[in-house]
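Following this line, the structures themselves.
In the two complexes below, chain A is the common chain; its partner is chain B in one and chain C in the other.
Entry: the complex of A and B
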């Protein structure tokens, strides 16, 4: 799910960036530092949408660098265990398939794909029901439920399932 | 989850910080990111170079999965859903997935049926009807 939240960060700036455009320099440094990063706690920082407050700068002893505490609003993407969302299938193999929902990758193991769907290898590996009516392949859109997340310092990775009511393929690219 | 209670979106356990935060539906994120992208485009010829991979992937994703395209419809969806005493998170899941039946809605957002909340099947049905009307007249 996407959220709009307020975060805080200390920005260190070299004295050559001071002067009339100090504020602009702080903001562009902030954007460069945080946009596109990921933390386990807040998820992926997609875009900064506004600056709430820039605090008083503090000169570092010995270096001349100044640290400014900045409060900013941003759009983050944070997946949660138990959340249901839509995703695009990016890779299919006999172990299961990978899907992407925005910046996050979700793996669905073949144990969590309905039992009546069989793996078919070939040019376009896919999972298909025995009557061929439902097919999961690259670029299919699926609705899945996140059942686990693994978080490390710079990445969030999810495990999902489509073995539940109202989950599964919502759009098959080969059908249209 | 460092000693905290384990998170589970189905029971609305997403941590205090996110529970109080403003959630965004995919269509709202699309509006925000497209505007930001346009601004970048005005400043440089090659905006794709300026944005992070996270931004690019998110933009593609929300464009693909936005149920409502025009800004007025997006506003209406939020307004209508907010009449039903939903948590922000529940509101956005419903707005994103647009369930068609009451059972589907409950499967998508199990927390609307938990004890002590005033959502009977009729209320949910009415809510889904209102939603599909917006889609029809968009």
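Entry: the complex of A and C
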């Protein structure tokens, strides 16, 4: 799920970045530091959408670096148990398959793949129905439901299922 | 609208889900005396025979301790079956409710009325719409939970290291760490042995393992439960299906219900009798004690269906559709009916229309349509006004052109001014509807120039000149 929230962070800046474009430098440093990172609490920071406030800088003893407390608005992506996501299959093996929804990695184990889909090994491993009409392989797009998340301080990993109504392949690259 | 199917639903749901609910805390000993299982069903049943009810009265009726009743009701509030309302009220406020309740239930709640002084009273009422949803949701969740377990849905796959010295277990959540680039399988973090999915192990050792037996028994049990559920809850599900398309009884908030009930009581019995318990108790215990269901009728009227007489009266003229006047353009080949009968088109066709004509037409419309209802008239009048306005705009543009032409001539300015004067008078007659036109008039006049004095351009020029003069003066003074 996406959220638009306000976060806070201290940005350390070398004195050479001071001057007229100090604010711009703080913002670009913030973007570099924050965008694309993941915190267990808030999820993945997708993009910074605005700066709420830049506080007074504090000079660090001995280094000359200055720390600015910055409040910023950003869009974060946080997967939840029970959430339905659309993802691109990144890897298929006999244990199941991995898929990616933006920055999130999801593993679907083979017992959560519909029973009528069989694993086919080969240079393009895939799961295929007996009549061959549905195939899951690398780069397939699937709709899946998250049934579990592992949230670490800097990482979120999900496991999902496609064994439910309206889940499964939504776009097969080999069909087109 | 009947409440009976919904009451049946409530009763079935009560027996299905709340039969063995006890509101006593778990720490209390459950000996025969304190066991109050079944209370929930009794309370729900009692509520199906009432609408809004003061909780003390209900307790009295059920011969229950009010604390016990309150605990049960709080439970049902959490279960979303019952809405409750609390308020501090004086004896007078309580009387209003008593008056309402006297008319709905029976008179015996009256006694003790006078003693009440500013107490917090709680009221409760079944929320049928919500009950319907809650019961359906509950059934859905029950079935889904069992089915998911039966089909191993939503269970996290476990992996186990087959190495006898290691036997570590992992779950699918570790997949990313376990995945090996070498052979694309999962490997034990400790001994690097290829991991085996836990259920695979069970399948492999079918028959021998005690765990496997437990698992199979569990599945059997779930299957059994699902079947039993289908059978035992069938009446409830049937009732849900029966109720599906019925209008849900709605009592509204306590306040709204009170107002409605007392108003209805007054209407039915005459003002004085509204509070008379002897009168209303004629309903007795046996009869349906809810005479106000008529009040909660919900009517969904679709326009264009029968009963919409205002619309129909127009349509009834003919099978041909009446075109609204603003759709009728010059040169259209229409029947009289299509023009809506008496809406006079001749005036429109003429092009050059005078206001008196149209206002007469307007009058004739209203006279002809006397029997039609007000709304119809209003619509017609509105269209007529629109039509007029359209025509006048046309006329305005025409006259503007005319006056422009005359301005070019330079001679006929007097005649043009007279025209402008006429026009503006007419504008006054028309009132606010022709604001646009009114604005247009001075512009036209401005173009016509000389005789019309409200010429902004001219005045602006003059002031501009003055200002220049002033500037000169200042310069001169400074110099």
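What we mean here is this: the second predicted complex is superposed on the first by the 172 of 176 C-alpha atoms of A that agree within 3 Å, B and C clash if a C-alpha of one lies under 4 Å from a C-alpha of the other, contacts with A are read in each partner's own complex, and residues count from 1 in each chain.
Throughout what follows, a contact is a pair of C-beta atoms (placed from the backbone, for glycine too) under 8 Å apart; a residue touches a chain by one contact, two chains touch by 3 or more.
All figures in this text were calculated on a predicted structure; none of them were measured in a lab.
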{"item": "Which of chain B and chain C A:161 touches, first, second, both or neither", "value": "second"}
{"item": "Contacts of A:49 with chain B and chain C, given as first, second, both or neither", "value": "first"}
{"item": "Touching partner for A:13 - first (chain B), second (chain C), both, neither", "value": "neither"}
{"item": "Which superposed partner A:109 touches (first chain B, second chain C, both, neither)", "value": "second"}
{"item": "Larger contact residue set on chain A - chain B or chain C", "value": "B"}
{"item": "Contacts of A:148 with chain B and chain C, given as first, second, both or neither", "value": "second"}
{"item": "Touching partner for A:2 - first (chain B), second (chain C), both, neither", "value": "first"}
{"item": "Contacts on chain A seen with chain B and repeated with chain C across the two complexes", "value": "164"}
{"item": "Chain A residues touching chain C - in the complex, by the definition given at the top", "value": "91, 93-96, 98, 105, 107, 109-112, 125, 147-150, 157, 159, 161, 163-164"}
{"item": "In the complex, chain A residues that touch chain B", "value": "1-5, 35-38, 44-47, 49, 75, 77-78, 80-86, 88, 100-103, 141, 143, 146, 164-166"}
{"item": "Of all residues in chain C, those that touch chain A in their complex", "value": "151-157, 159, 172-176, 179, 184-186, 197, 199"}
{"item": "Chain B residues touching chain A - in the complex, by the definition given at the top", "value": "6-11, 14, 17-18, 21-26, 28-29, 32-33, 36, 51-55, 57-58, 61-62, 64-65, 89, 92-93, 96-97, 99, 103-104, 107-108"}
